[in-house]
């Protein structure tokens, strides 16, 4: 019986672990330097926890096998070993807390945006993303780099004004409203996240980052895509019946293509 | 290792059979009293009230933190002056803490009449407190300040209602004491119930002072 | 009053007052104040709830593999949610919400604590009942009302709530955003009532442990089961009040127009919502301040049972008893300061996220200690492979598997990717779902002979163990891979997202659903075994069939009214005295004095 348990425990352990080695189901390729760093933190964690996982499950199976044999001697009357206790307490603390510090710089880079916002926004592209059930609305400031004012009384989905943009307000005449996001490659993008109704979550797997869009609050994410392509934006916070189909696209294109696209969008305005 | 050890050959801590972590030899009482002792029931009931306070305090702590956060978050907080009747109700409640102490005193003197009288007085004062609190609500409503008017008033109503419901629970127990005392049937847990009620009542008193202070400071 | 036979195992008693045994049906079985009856009531409630919860999970699984499939019976039962038998996305969300709520509250919170704790805590500490028996009865019936309120949400107009078991506002606060109807209100009322019931129960447990321990039973001699029930009760006492407050506030946001959690300026489907200034994040803080301790409320009793059973069937004392106690206390304390790790991507301050992250990782330390000590307990033992032992070994394996993924999720950097994906679903199902359930299986099979005086069929229990152990790994293992894709949670179908369709999510979902179906089928085997055991199991006259050490095994099965016949046993030793050198048997019960353990002569010569 003990051997059977050991075999099954080891079996399920390996079955769980193998796809992580073969990477059969895996993350899509990262498209930012930050994403690469997150991947690195992930791989370190995977390595560390993988070893702990395999060792613990192996030890469990082995112990059950060894001391479940008919031929095993009488049970020992030991009730513990303080040295061992201290050893593995220390080891666990070092590994677990150490991992947190390891990932700290990446976390800081991703999220300490309020501080970084103080820096001048040289060449940074700002896109405002407003979540609503169940679409993403992207807004570009247009030529004047200034977002026009909004007013909830002007909100009218049918008339193509989902965020209540006041075209007559300062900077509002050239704002561009689009359902998909286009950004030039190798340029820093700041996504300003808002929500009209309930919580949503802006998530692009290739960027490795996500943030809730909270009505009443403004969230910010910043990234610099280094690879071109079309990537899916999905909602990662339950927002109602259409949660699963609340999707848009992030197009990372060359600077020229981006300018062309922007000009084309602007031409629809007038 | 010898196959059989006699207890004398065992390590000292092992002989106590405490897994090596002997705290007390088996014949030491260790804070343990005879379960049938009358005083013990009183202690148990009071311990129950003390522990229950922990749960109630967490409820009000949650409301407090929600209130502070809610006020700091937005600009729709409209402070208002508390209805003056609150100070009357506060005095009434403080007075009822004194009368419930008199009830305890009567209990110690084993005066059944005194006990009944002072429990009743406390219950009436408690009811008067609730009535004054309702007057406070009425006065606010008269000024057009309702539950949903703005967050300051919302928290006012929630906190006073939360406290009032706990107080009504206390009054219900006092009514139960009154009924039990009237029937004159043997009641082994009488002291325990009265003392626990008194403790709970003082707690509600202190809780109200806290809520009043909170409403004054964070309005 | 019949005199109860005094157990020969107990060396010494103290006489106390006996309570008369209730005679009528109602006072004996329905509104009973006997902790044993109440314990069984809680267990039966949990059994009903767990089958409801499993049925809901199957509906969820079925929709995931085939959104357009029709199940005519379902169409008859839920003409609105499943028109012509085809489940709508709304119906999917309602089933998912109710699955989570039923499982977390009505199963994981009731059975380990209210069920086993109620039944065995007083006996294990040598008491006749809980400290406040009538309060105990009130707790159960309040819980029952809460269950009825929750079930009522299925049949009201608009149906069950569709906001997940976390009920995040504004979705849960603004009916326009989901469904009109009182389903969400019933859900909130149910939870509020459940909070009150749990607070009363927690109070009772704490006083019982502090005040009713038998003579000689110091805290450091308590069985680890009692320690975990104790810490669980403290967690419940401090956590449920907060959820109650949050639930009351949300109810008011929904019904009387306050704005605690609903911000201003909301526009749902071109309709402005009349609220202002509230904070959705505030709900998350309050909810998770409760929600994280709740995880430990579910799992700690399972840890206690596992420690208990592993020691008993390895015939060896618990490795590092004191470390185990400290670990449980540490987990309980840390459980209150880590709630923020559920909110790394909520827009919370990144500084506090870092603090929450470090504290979260610290929980890994006592968890690791427990795991090592469980293995250490078996190391050098002589293992008896009974069914409770199998379940406990399964518990350790599942605890490791479920705990290890927490190391990923506890780091904000990595959580950025995995938050709200199936990786999280896999993590918490393994650790607080099935690990806790395995703790319950272990407890039920272990204590069954004591509760009913009969044995469950060991062979069937073992078959059930193998099917379930492999089954749950087959269900929740692949969910990690879905999380890698990364598959967001609470998606009614995968058709809307290319990387899921192309990444092979459909195949994984199919595999998981088949595994779930088979695993649920296996639970009927357990149910059959359980019911058959009660009525037709092999009669177990031996009060101590497992040769265990704690007090419940010193009295007859099922235990008599008042447990020890109006007496209080004396305790002479710790809870896990196995394989003592020089002892007459390979175990010494807590109520055995040295004379009983070592024999007249050796005890005399020992001084």
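Chains: A, B and C, in written order; residue numbering restarts at 1 for each.
Definition applied: a contact is a pair of C-beta atoms (placed from the backbone, for glycine too) under 8 Å apart; a residue touches a chain by one contact, two chains touch by 3 or more.
Here the structure is a predicted model, which means the values were calculated and not measured.
Comparing each chain's Cα centroid with the centroid of every protein Cα atom identifies chain C as the most central. Of all chain pairs, the one linked by the most C-beta contacts is A-C.
Taking the mean of the C-alpha atoms as each chain's centre, chain A and chain C sit 31 Å apart. Averaged Cα coordinates give chain A a centre that lies 47 Å from the centre of chain B.
Inter-chain spacing, taken between the CA centroids of chain B and chain C, is 29 Å. For chain C, the set of residues that touch two or more other chains comprises 263-264, 277-279, 317-318, 321-322, 576, 581.
Residues of chain B in contact with two or more other chains: 19-20. Residues of chain A in contact with two or more other chains: 79-80.
Against chain C, the residues of chain B that register as touching in their complex are 1-2, 4-10, 15-21, 23-24, 26-30, 32, 34-36, 43-44, 47-48, 51-52, 54-63, 65-66, 69-70, 73-77, 147-148, 151, 154, 158, 162. Listing the residues of chain C that touch chain B in their complex gives 14, 16-17, 131-132, 199, 202-204, 206-207, 210-216, 218-221, 237-242, 244-246, 248-249, 252, 256-260, 263-264, 276-279, 282, 285-286, 289, 317-318, 321-322, 568, 570-577, 581-582, 588, 593-594, 597-598, 602-603, 605-607. Interface of chain A with chain C (complex): residues 1-2, 5, 8-9, 12-13, 15-16, 19-20, 24-28, 38, 41-42, 45-46, 48-49, 52-53, 56-57, 59-60, 63-64, 66-68, 72-82, 84-85, 88-89, 92-93, 96-97, 99-100, 103-104, 106-108, 110-112, 132-133, 152-153, 155-158, 164, 196-199, 201, 203, 205, 208-212, 214-217, 219, 232, 234-247. Those residues of chain C lying in contact with chain A across their complex are 88-90, 93, 162-164, 168, 170-171, 174, 177-178, 263-270, 272-273, 277-281, 314-323, 345-347, 350, 353-354, 357-358, 361-362, 364-365, 368-369, 371-373, 375-376, 378-383, 385, 390, 393, 396-397, 400-401, 404-405, 407-408, 410-414, 416-417, 419-421, 466, 469-470, 473, 477, 480-482, 484-486, 488-499, 503-504, 508, 576, 578-581, 586.
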